[in-house]
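Following this message is one structure expressed as structure tokens.
Here the chain labels run A, B, C, D, E, F, G and H in written order, and each chain numbers its own residues starting at 1.
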Amino acid sequence: MDSIFLYSSLYLAFLMVLSLVRAVIGPTVLDRMIGVNAIGSKTVVLLIMIGFLYHRMDMFVDIALAYAMLNFLAVLAASRYFQKRKGLYDEALYR
Amino acid sequence: MIWPIDLAILTLVVVAAIGALRVKDLLGASILFGSYSFMMCLLWSIMGAVDVAFTEASVGAGVSTVLFVAAVFRTSRRTRD
Amino acid sequence: MTDLISMVVAKYNYWIYITLMMIGLYAIIAKNNLVKKIVGMNIFQTAIILFYVSIGVKKGATIPILEHGHGPDAHHVVHAVDYINPLPHVLMLTAIVVGVATLGVALALAIRVYNNYNTLEEDEILAQIREK
Amino acid sequence: MDIMNIIVCVLLFSGLFFLTGGAVGILRFPDFYSRLHPAGKLDTLGSFLAMTAFALFNLHHFSLGALLTSLKILLIVVFIFLASPTATHGIVDAGVRAGLAPWTKGEKRR
Amino acid sequence: MSEQYPALLVVVPLLSALVVSIAGWINKRLCFPIAVAALGVAAWSAVGLLLRVLDEGVIVYKLGGWSPPMGIAYYIDYLNGLVLPVVSIVALLNLIANKKGIEQQFPDKIGPFYTLYLLMVTGLLGIVVTGDAFNLYVLLEIAALTGYGLLAMGEERAPLATLNYLYMGTIGACFYLLGVGYLYIVTGSLNMVDIARLLPPLYQSKAVMAAFIICMVGVWLKMAFFPLHAWLPNAYTYANSAASSLIAPLVTKVMIYVMIRLMLTVFTPEFAFTTLAVSNAIVWLAVIAIVMGAVLALAERNLKKMLTYIVVAEVGYMVGGAWLGNRDGMTGAILHIVNDALMTLCVFMVVGNIVYKVKGYAFEDLQGLFRKMPFTMGALVIGAMSIIGVPPTCGFFSKWYLIVGAISAGHYGFMAALIFSSLVSVVLFFRVFEICFYEPFADHHGHDNHPGGMDEAPVSMVVPLLIVAVILIVVGLYTGDIVNHVIQFAIPETMV
Amino acid sequence: MDKQEEEGLGSKHNTSKVENSDQGPGRRKNFGPYVVTFFILFGVWVVLSGKFDPFHLSLGVISCAIVTYLSADLLRPSMRGLLILLVRWVPYLLWLMKEIFKANLHVTYLVFHPRMMDLIDPEIIKFQSKLEGDLALVTFANSITLTPGTITVNVSPDGDFKVHAIDKASGEPLPGEMEARIAKVFGED
Amino acid sequence: MNMETIISIKPLLAVLVSLLVVPILVLSGKRPNVREACTFLAAGIKFLIVLSMVPVILNGTQIVYTIAEVIPGVAIKLRVDSFGMLFALVSSSLWIVTSAYSIGYMRKLKEHSQTRYFCFFALALSATIGVAFSANLLTLYLFYEMLSFATYPLVTHHQDHEARSSGRKYLLYIVGTSIGFVLPAMLISYSLAGTLDFSSQGFLAGTGSKPLIGLLCFMFLFGFAKAAIMPFHSWLPAAMVAPTPVSALLHAVAVVKVGVFCVARVLTGVFGTDLLFSLNLNVPIIYIASFTIMAGSLIALSQDNLKRLLAFSTIAQLSYIVLGIGLLSPKGMTGGMLHIAMHAFGKITLFFCAGAIFVATGKKNISEMIGIGRRMPVTMAAFFIGSLSIIGMPPCGGFISKWYLVLGTLEAHQLPILFVLLTSSLLNAAYFMPFVYKAFFCRPEDAMFESRVQEAPAFCVVPLVITALISVILLFYPQPFLRLAKMMVQSITGV
Amino acid sequence: MKIIGLIITVVTGALLFYAAGDFPAWSDPASPASTYLSPHFIEKTMEETSVPNIVTAVLADYRSFDTMFETAVIFSAGVVCFFLLRISRREDEEPETRYYRHVLTGVTIQLKEGHKMPPSADFERIDSMWTPPDLIIKTGCRLLIPFVQLFGLYVIAHGHHSPGGGFQGGVILGASVILLAISHDLRTAVRRMSEKLIGILCAAGVLIYACTGALCLLLKLNFLDYSALAGILHVDPITARSHGILMVEIGVGIAVLATMIWIYNNISSAGRYRQGL
């Protein structure tokens, strides 16, 4: 079972690469937010998997929980930015 | 310590760091910086530093990105590099 | 060749920490935008945390929380080999906190600068100062 | 317990499958709104399945502690189910407020 | 209680910082007495510690009751026994002197200001007293963070200058931390004494050398040693006067203390001077630092900025002296920590008084000050004499040791730089005196009355200033005792 | 049982915004919501803690009390709400899971389809929901979001929905069955 | 020669008296009479303290007092020996007369900032006595610098543009050389010898290589720029912008004398005659000194401004002293030391006269003073006596010192120097005598001088009469000074 | 600047790369770091402090002094942010127009020239930049926040047995309030945690920590030697250490909680406390 988890987690890491690609290439900030949010949700899974790999599930679940709780805080903050500062193409001017 | 994942994430971390610095938009940079700290958190837990990972998770996800966004909100998103 | 590979893999963490640190350092020195510099500064700090945490790693050991801490066999014999070195973690907790604190102060300063000059680009600010 | 393992594997792999869909989706889809579809919920379901797998696997060595840990994992799922749509909504709301026009058929990729 | 002095020294300012912070929300008038009392206790403990060290030798204080390699311990030996009273007394006097200035500048934020002030002093005292390499980092950051806060509240340019300081300071602290990490990775210990015990077999290791270099670079960044000094002048110039007259005297000096501590205690002098074989280059850097500092100061038309460049030059003095590699040079460097702290305090307090009264410190603002503020200017004269190096003010004696060290090390370049900087200081200060003395031009055969009249700063500002000025001379006269009874023991016997 | 008690998780009225955290904690005389909140929280605590020695339990009691004091007005539960939750939510959730699963497969199919660009045809659907309570609206909106293919773009407190659908097939069933079921859950049918 | 030493606080008191009077002066600034009384009192006390030590010194005993041990092996230490005593006696006695003169001068001209003036005057005197009593190079340096800074406000008293540029020049030369040359030289000596205490054989004897010692010697020689040895002389004429009492103090009593005193001290106490002889260092010294003498006298010839003339005369006369010490022969050294006293009384008379003329008539240039002797006969008579003393003619004290100098050149077999001495005496006469002649015997061009006798205020006239008298008396009774000088020379050379 | 940066970076990097060659291999159990001090911590922690989480034990007991200053660092960061950014009422000119919103109907009214609305439950003061909080986000966060807070407290309380402790818990608690501020608006959050309360809590947290230490000092043992508390708590010294650690963690938690909110409030409103993010 350990090896299954190991390879699954490697595969998840690979998936994170894909999300990270979206986060890096953009093109808008919102796309980056999607990418980062996706990375966040994969991170939670990966954290628990690491817990299994260490055979100390009970310790890692707290971190994952904290992560799940707070992951969307950053996204909310960023989206709140657009509620108050309109104009997404701000950045286009300075590209 | 689970070295294969460690290697993979380490590489990702570098990509995220470079991405955060190259994005020509401060909001994007702060969001990418958030992803950087997510991965750092993963890295710590991979290396068995649960407490550090916990801290990084709560700080990176809960506070530092929000602070960045708040500061960008109060200043400007504009950047030339 | 194999030596090289084994060397690279055996110290991969260290190479990456150096890379990250240099990325951060370059950003602090060369970037023009104040907030970008702050991002670079944080990357720089995290790189050092990475370094420290890498020191603590121990092959075949588990996380530094004693198993069966409470209960009937609470005081069983603990072998140091079984647990990861906790000291770097302690130190790095402190370092992370310091990092957050520095981040807060830096952002506060950046806001003050922005209030004064209405821009975050260092060269533009300097140009404004020169004009006065 | 082999059956248990198989169930766990199946759940895990299907979770990974959906996660893959999410990851590929946000790369392939043409614009921001459509990208949110795979990102927002394929990931959610993927995590849900994977978490369930973990919760089950954790009950391998059954004990009160293990049960509670499994419950905690399920708590994570609950949180994900609460937080993920909220976050997705936050992003899409931001997009609308920022004035991003949705992609319609025939346009180029953005 | 005297065995608890080491704890009191740091804990009392910390506790009082917190109490002041709370008091600031309740009643602002409570802040100042609490702060003064706390610093008084700290100064008392510092002096008590010095006396005890003179009696008993090194004092070890185990925090939390854990013996050193496990827990954190304080080591008070001759070196920090000397620096501690200086830090605490400088902080105390400056606080008293700046009460009015603070009330004038931050009427609404008195509580936070005193809190930051006390925290900063806590950090500095802690840096000096601690025996744990990592603990030092934390305290460094406390001192730095509060310093940023204090410095940024000033003129319009202050935040930008402070932000630059913050970048550099963070790099510096991180480099130090990294160096400690390198030491940890090869020794496994964080206690300075313990590291020193474990290190000698490893001296050929590349990691140890790198650790030393990195630590040094980090510390140099923080103290604004020559190529890394660019942040200092602006940061100190545009800050408010209470902050700059706390930070300018203490921070760079405490960092130099850290450097000397690293060189003498953590590493051995042999390692620093012979194994690494870079001391000559560093002394030359110090020479450049001194010359650059002097020349750049010459170019300034602004008293405070001029003084900050002098601070840069003084850092060159101390680094150069410490790296000369002989006993005299090191004595000079340590003595100069004390002296420079006092004389920088003196001149910056003068600037504080001038700012309080004249609201400016550019050269044009200084006209006729000798008549207007004779006591302040008198203190400035004494401070300037000390910086120039005129006996019997204390600045002369440290310069003396530095030059003797330079001569016995055969490093005439350093000696020439010191002399050059003294000469430039003469020009610098007499230029200031001229302005204060001549302008506006008194009518030639005027009367013996005071045309502008005397308009001296308040007594609470002048008296501490005069005390500092007197201390400058007293310390100068007691140099022999300080060297014979304290500094001599602070330098390892192996160093000749 | 006064009005406060009746609201809770199944709040019907928009008026709930009046009490929306404005009055600060601990002002109300009614202890009902507090007790309920406390027990919900304590249940979660037990799951989290997993330690049943008196020391940790007392810590739990203290913590739950603190959170109750601070945030009970945010959660605003009631006994009735809890019962509703147990009785009506479980079937709804199961149904929702099924829907989610189905829709997920659909989106996954889209994602991996080589000619994905031809298949998708995003559009924005607008409709007026009959639901009234805040919570009901939010549940509905979140359920829409969770079923792939559709994302709630905007909900006004009056029930105006704007939904982004990835293709025609995803958007069609709205509001439809889901609204009805939610109305049933919240007793608004 | 074994010297007895006694420890006494008297030297310190002598230094401190004028220092402690400063706060009193500051406080009494509003009441000029109290202030000036205090000045007088302090001057008197100081003179008495110095005087009280004279018998002890004449007995061949030294008085020592250590203030603080600042550096291992080097203390801030006072020691009274005969040479120091000689100098202290001259300066402390002259302070009294100068004070009196200052009062007259300042009051008459209604100068501003008189309190500051008196304070720094007192400070300068303190430093002067300190220099005289220094036991080692560090103490010497300390008081030397103190004197430099204390005289700066005096030199720039007028606070106008001219004063400003002169003040700059003054500081540049004085402080620049002392920090640039003396400080490193002192430190190098310290690291060579490990001590800085003056000893009769020179503490540098037996250390260091020949070029290094030579270098040190010249660093000291030029470092004490107050001695105004060319090429570091031009501050002196520039400093003439100061009020005349200051010039008098500067040129006759404190500053320049301190310079030459320091040179003499260093040459004898640091290097020692043997070392200088063995390295042949005295030859360049005396040639530099002779050059300064000749050049100074020649420049003085062309001066019209009385004070500038006196200044160049001073430059020349100071080098007499250096020359005398540099000859390293007992007679020469005696002459040099004696010349400190003799020149002091003579020159101060001249300056007082110049000041008195300025006070009474407002004239500065010689060409405007033709026939002034009719109006100010007493002053001009004193001027005549003073100039005689400077030229070195009987019946004045200057004759004795010049006599010893001439003997010294012969003793040292330096005949060219003899020639220099004689020529320069002729030159001295050449620039003083025409003025005296014009003052008394030429017809006044300015109507102002036609009127009846009208001298400067008594406070101005009395001091200059006194000093002129002393100048005369010293020829007949040079005993205290001569004996002190001889004792010193004896202790140095053993002869 | 770019070229200078590049040069510095390359030189530093080369030095570090060069030095890294002498490091013990990564994850080597025989490296000095793993064999010198840490075995003592790992093997003795349970006996000496009865805390299974070694990191917590080392953090809050063996190296508690570090942690105290760590807390002080975060405290000072809060004070600095306040000090730098907060615009006091005196300096901040009151805006000409005040905006009030009728809560039930959402009607916004303007009052010009400094008129004030009498305090009423029906009207809330808003800012000109005010945007109505989104319904979904608002409701979602409303439901989440109590659980986040509970989790934060749980983390503080269980720092002995599982990862976490005062700092992490404090951050989570702080984040919950920040979440409130983001999902509703800053005024709501400030109404719950007023500025004065935060300022006092911030100092009080560190004060708890430092006073615990000082209490030990008063009980005739060294600073922060928790075994001194045994007499007061009526337990054996080892359990006293465990309790001391808990006390300290609570202090850290309070300080961090307050500071995080404080920093966020100041930064997001640029010191005006009017309109947050």
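Points worth noting:
Criterion: contacts are C-beta pairs under 8 Å (C-beta built on N, C-alpha and C of every residue); 3 or more make two chains touch, one makes a residue touch a chain.
If you're wondering where the values come from, they're calculated on a predicted model, not measured in any experiment.
Averaging the CA coordinates per chain and comparing them to the mean over all protein CA atoms picks out E as nearest.
Set side by side, B-C and C-E show the greater C-beta contact count at B-C. Farthest chain from chain D (centres taken as the mean of C-alpha atoms): G. The chain with its C-alpha centre at the largest distance from the centre of chain E is F.
Separating the centre of chain E from that of chain G, both taken as means of CA atoms, is a distance of 43 Å.
Centre to centre, using the average C-alpha position, chain A and chain B are separated by 10 Å.
Centroid to centroid, with C-alpha atoms defining each point, chain C and chain F lie 38 Å apart. Each chain gets a centre from the mean of its Cα atoms; for chain D and chain G, those two points are 98 Å apart.
Listed for chain A are residues 16, 33, 35, 54, 58-59, 62-63, 65-66, 69-71, 73, 76-81, 83-84, each touching two or more other chains. Among the residues of chain B, those touching two or more other chains are numbered 1, 3, 30, 48, 50-51, 53-55, 58-59, 61-63, 66-67, 69-74, 78-80. Across the assembly, chain D contributes 22, 24, 36, 44, 65, 69, 72, 75, 79, 82-86, 88-90, 93 as residues in contact with two or more other chains. Touching chain D in their complex are the following residues of chain H: 134, 136-137, 140-141, 143-144, 147. Residues of chain E touching chain C in their complex: 134, 137-138, 141, 145, 148-149, 152, 156-157, 159-160, 162-163, 166-167, 170-171, 174, 177-178, 181, 184-185, 190.
Per the touch definition, chain H reaches chain C in the complex via residues 1-2, 4-6, 8-10, 12-13, 16-17, 20, 23, 25-29, 31, 33-35, 37-39, 41-43, 45-47, 51-55, 58-59, 63, 66-67, 70-71, 73-74, 76-78, 80-81, 84-85, 160-163, 167, 263, 266-267, 270.
Taken together, the chain F residues at the contact with chain H in this complex read 15, 17-18, 20-25, 37, 41, 44-45, 48-49, 51, 56, 59-60, 63-64, 66-67, 70-72, 74-76, 134-135, 137-138, 141-142, 152, 155-157. Per the touch definition, chain B reaches chain H in the complex via residues 1, 3, 50-51, 53-55, 58-59, 61-63, 66-67, 69-71, 73-74.
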